[in-house]
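Letters A, B and C mark the chains in the order given here, with residues in each chain numbered from 1 onward.
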Amino acid sequence: MDFTTFVKPSNGGATESNDTSKLQFWKHVKYIENHGKQEDDYEYCMTEFLRMSGIFWGVTALDIMGQLDRLDRKSIIEFVKRCQCPSSGGFAPCEGHDPHMLYTLSAIQVLATYDALDEIDCDAVVRFVVGLQQPDGSFFGDKWGEVDNRFSFCAVATLTLLKRMEQTIDVEKAVKFVMSCCNQTDGGFGSKPGAESHAGLIYCCVGFLSLTQRLHLLDVDKLGWWLCERQLPSGGLNGRPEKLPDVCYSWWVLSSLTIMGRLHWISSEKLQQFILSCQDTETGGFSDRTGNMPDIFHTLFGIGGLSLLGHSGLKVINPTLCMPQYIIDRLGIQPQMVNQA
Amino acid sequence: MSDDLPEEFDLIVIGTGFVESCVAAAASRIGKNVLHIDANDYYGDVWSSFSLEAFIKLLEQPSNSLRNGSYTWHKSTEQEEQPVTSWTRESLLEKSRRFSLDLSPRVAYCAGSLVQLLIQSNICRYAEFRSLDHVCMLYNEELVSVPCSRSDVFNTKTLTMVEKRLLMKFLTACNDYGEDKCNEDSLAFRGRTFLEYLQAQRVTEKIANCVMQAIAMCDANTSFETGMQRTQRFLGSLGRYGNTPFLFPMYGCGELPQCFCRLCAVYGGIYCLKRSVDDINWTDSELLVSSAGKTLRAKHLVCAPSQLPATLATHFGESEPRISRGLFITSKPLGNEELNKGGGGVNLLRLLAANGEREACLIQLSHYSGACPEGLYILHLTTPAISADPAADLADFAAQLFETHASQILLSAYFTIAAPAAEGIANADTPILCTAGPAYEQDYDAAIENARQIFSQLYANEEFLPRAPDPEEIVVDGEDPSALNEHSLPDDLRAQLQDLEQAAQHMDIAD
Amino acid sequence: MHGRVKVRTTEEERERKKKEQVLKMRAYRAAMTRIQKKRSLSELDDEMLGLTVQILLRNPDINTLWNIRRECVLRKIAELEKTIKENETRDIQKVEEHSEGDKKTDDEKEVDKKEVLAQQLQSIYKTELELTEQCLMVNPKSYNSWHHRCWTLEQNPEADWQREVQLCNKYLKYDERNFHTWDYRRYVSEKASVPPEQELDFCTDKIKVNFSNYSSWHHRSLLLPTLYPNEQQDRPMSEHKLKEELEMVLTAAFTDPNDSSAWFYQRWLLGSGRQSEQSATVAAFRCWPYKAQLSLKSSYPELSQLTVQLVSEQQTLQLQPWKAVNSEKTQWQCEQVIEIEPSRDYFLDVAGQRKQLAVNPNDQSLYYFVPPHATSSCSKELLAELQTQLQSCLDLLEYEPDSKWTLLTSALLMRAIDVNSYHEQSLSHLAKLVQVDALRQGYYKDLSARWTMEMALAKWPTSSNYPQLFEMPTEMSMTPYAHYLIVADKISS
């Protein structure tokens, strides 16, 4: 089973120039469509262990570009269904692999996008998530005991999409654990208590607080300053001080600032330039940095970033769940955001 | 050996000093048939390193290139309470072979011409270096370490907060200098001195000293351009190997000519030590070398000035004092504990005298350099000769070092390195190409330039010391470089494939 | 997927690479197929371990393969333990059967056997540790490899935690910013009971080698408050240590003001320490006969959980229930009939904090107001250090008037020394920052508005119009502290 079977016959797009100052819309559509189409694509084969997330990245990017119908809904849903573990209720990245919190969220995101949550056993998913909460409020990624705030985010995001956050997990304890990871120096978060602040984990924790309606616990001024200092002269954002800029960190910082109502603390214009410069004008797709190899992961965060920045021709994306806003509205979910103070 | 020596060569090189060895290696590397001989029983000529006994013997036998030798043994003045550590002449001589005493000690910039040449030619695989521990300067008669990196500047206690910033800013500006051609500074200071530029940067006196003495290695008359170039050379060599921009060859500088000789020999060069030349004659097409009753013929001949037969030496002009050298063995390193962590540093210090008109270079070697036994230190002092009395030439500098900085000198030695003047060599009316002999310089720039120039005179269109392949890089003729067979796979992958394919035969793979 | 440069390869190279990839893929697929088959047959044996090694060494991110290894390890341990138990029961039987004379030799044999089994057990753990070490060489940021290492050590009651600390030293030499290694270091140094003083020394050494190391400054910030606690909690650590740290961090910044690693640490040092999260501090209060409004310094999740009382000599009135007026949950309102007799003295009591209320001459409402942000006073020594630092910064600005870091730091130092007298000067630094650091101009503008508002609120109680009229400082694009203004009847701009 690979991505090929999800792709409907394409009808090609208009020709575009190789200009990185403009969004190479159709090239990206093609890039995602063709992802995994080539037989014996080495990268594709070697990344099967995260296939479910790969599908989420592709599906979401295409949906943001209004091109979701290029993928075959039915076969994707079938694939996702086959990945649900009958005993634990969690989702594996692909058949033959074990279920995990990370892929469970991706699966639920994909199904929510296709309005197909009724096709699976949602109670089993809830059981899987609830079963992984620990007495201190943290979450394991799977039964093997890794603790990380990424999993706290996955847990509440999954339950939010399923509208089952009430009376399932202990939200108070979960919040307490996440807040125990908040660093005094910069107001940011790491993966566990004491861990250094990191933009990816900050996104998870800010997103977590947004979903649990606890944004007031953040020191927005302190954290906002650290986040806006991630912007480098190139316009791109890095994930930690003195690191290189990266399209995916650009997303994580940008979405966190948006949730915190502090998007205006960085230069949107320069960030947009940076993201566009990371397009591969030959093959389509976005890479982590200008001139590097594109991949599907950075392609979603490139497109998603541009959407948050209000780029024309893209649907609005929700900063907390990294999904098209219309789906969040359809589900009637309202992740919290701080007003621009 | 002499009996089975071939008689015809493309090139005969006489003398195994640095420049000669360089030329020999370069010629051999491009396929020339080279004979490399030396009258001495050791490699390196005046570029060699010696055991203590051999060094003393050398001082007692003046030669054309090494003269005015003298040495004095000093009584250890160390306190009576520690007789165990006190060294005597006898105990030093007992360890004679543990010393590598250089006649022409140098340090090499990490990105300088020597290091570049060694890397470019792949001769570096024969060489081993120690990164210098400290570059020092004298400030208010005190020996202090010059900060050579961001972390040095951060950690040093000798600069104030604002001085730290000013030094960093100045060095960053020098480092970036030249990228912007329209830079105001470059226009404003063209034709003026580096000191004037430095003063215009509003740096403190201490920083000015630090830059002038140790980084740009300037005097008051050095031009802006030269000073800037030297500063950039210093900065460009930072952060490569170790904490300072300098390297010192392990076991002494005498190792370097031998590295080149090794490459020469790998490519077929023939070596004969203890082989003196009686006379050299020439015809229109070849040179005839009479040596040990045999006549050797070569298309070209390169010779060290020190090894020219007496009959020919006059063609190249009189040998004159070029470098005044002092060599001290002491049981106490110069400077404080900070400069000599863990048993002594390998340190560099540039000294100035006579109102900055004259300079000398001091290299302190501890046992970490492999050039002396633990607990002892070699101090190499070098200055351009201004007289035939090396001790007099160095007196000012030695005073700066030893009067205020208590040192336990056990042996002090002085000598002069002499060579014919450059004009003499250039104007010689013979087909013999004579090398220049050691000059006073940091690094080997002039020596390498000399070798390069001689090489291009011999083989105008050939590359000078191109990269020599490592043994494993040699490709067998007729092999398709793009072919990928299972043998060229990494071992583990190959084994894995075999295992798996065997296993796969026994099961039906539902793919 | 990160940091791979796209290079145009020659056709030759491309072909070669392609062939290699096809072979690798074949190997991967064959191994995966075999692994899954064996797993379905519950063959958790040495062959299985061997198969997973081959893939994990190339791709340590495949979580499922680590799971399989853990299953194999657990199986092996269970088998070993079973053998040990069986031996024990057999020995007990033997002891019962045998005569006294033979017992000794049996004991010796028993010891040997136990020894062998214990060694076998340790070698199982060792294999796993070695594999993770190899995998971390391939990918030092592999979450799965790090976790498998932790899991293995946790299984082993005789784990050598000290060795793990040494391993961290080694790894941090290769990459001093790898946050996985730092996380792991915190985990294992706790297990190995490394004293925090020693960790602090390690941090200091790392910073001496390269102060451009945010990870190290971070680690430091965790250790200092415990090692040098500040009694009043209004500073991150004891003033004595704070002074030293300020000096070190300023040295780093002067050496390279463009390196941002130390900026956050420094600002933290200049800040007011850990904010007490639990207490709800009253910033402003107002109460009319029909409703009450209460503003807090910082947000509080649910005000109704606290006892809020209006107290006078005659009576005590519970104010309930409270509803949040803003999303930050700093401003609350309670609609309730409240009898007010202006001639009486009233107090507000919020969870034991008692505030005396004043009467608004305009509408006879009761109010309380305290301006935000009073800087905590500092000792003479600390003040002297701050002043020295400010002077150094101002000296530096003479040389580098556009230095972003110096502009911001000096503004922060000024405010730490004396908010009032440096108010205008600190704002002028922000105005300059808007120009020299245009990317973040929004931040500086907001910060400027904040400081301006803080000043206006601080001065307000002394103005003649207080509390009826609050005059908004000019050019405010946003209104921080708006919830403090519940006390005013009118806000003029």
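Methods note: a contact is a pair of C-beta atoms (placed from the backbone, for glycine too) under 8 Å apart; a residue touches a chain by one contact, two chains touch by 3 or more.
The chain list, named the UniProt way, goes like this: A = Geranylgeranyl transferase type-2 subunit beta; B = Rab proteins geranylgeranyltransferase component A; C = Geranylgeranyl transferase type-2 subunit alpha.
The structure displayed is predicted, hence computed values, not measured ones.
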item	value
Pair of chains with maximal C-beta contact number	A-C
Central chain (distance from its CA mean to the mean of all protein CA atoms)	C
Inter-centroid spacing, chain B versus chain A (mean Cα positions, whole Å)	58
Interchain centroid distance [CA atoms averaged], chain B/chain C, Å	52
Where chain A and chain C are represented by their mean Cα positions, the distance between them in whole Å	22
Sequence positions of chain C contacting 2 or more other chains	24, 29, 212
Complex contact set, residues of chain A against chain C	40, 42, 45-46, 49-50, 92, 96-98, 100, 142, 144-146, 148, 179, 183-186, 190-192, 194-198, 214-217, 219, 221, 224-226, 228-229, 231, 233, 235, 240-244, 246, 262, 264-267, 270, 280, 287-289, 291-293, 295, 297-298, 336, 338-341
Chain A-facing residues of chain C, complex	1-6, 21-22, 24-25, 28-29, 32, 36, 59, 61-64, 66-67, 70, 143, 147, 151, 177, 179, 182-183, 186, 212, 214-215, 217-219, 221-222, 225, 236, 259-261, 263-265, 267-268, 274-275, 277, 299-301, 326-330, 438-440, 442-443, 446, 450, 478-480
Footprint of chain B on chain C - complex, ascending	12-13, 15-16, 19-20, 23-24, 26-27, 29-31, 33-34, 37, 54, 57, 208-212, 250-252, 254-257, 392, 395-396, 399-400
Chain C-facing residues of chain B, complex	150-151, 153-155, 161-162, 164-166, 168-169, 202, 481-484, 486, 489, 492-493, 496-497, 500-501, 503-504, 507, 509-511
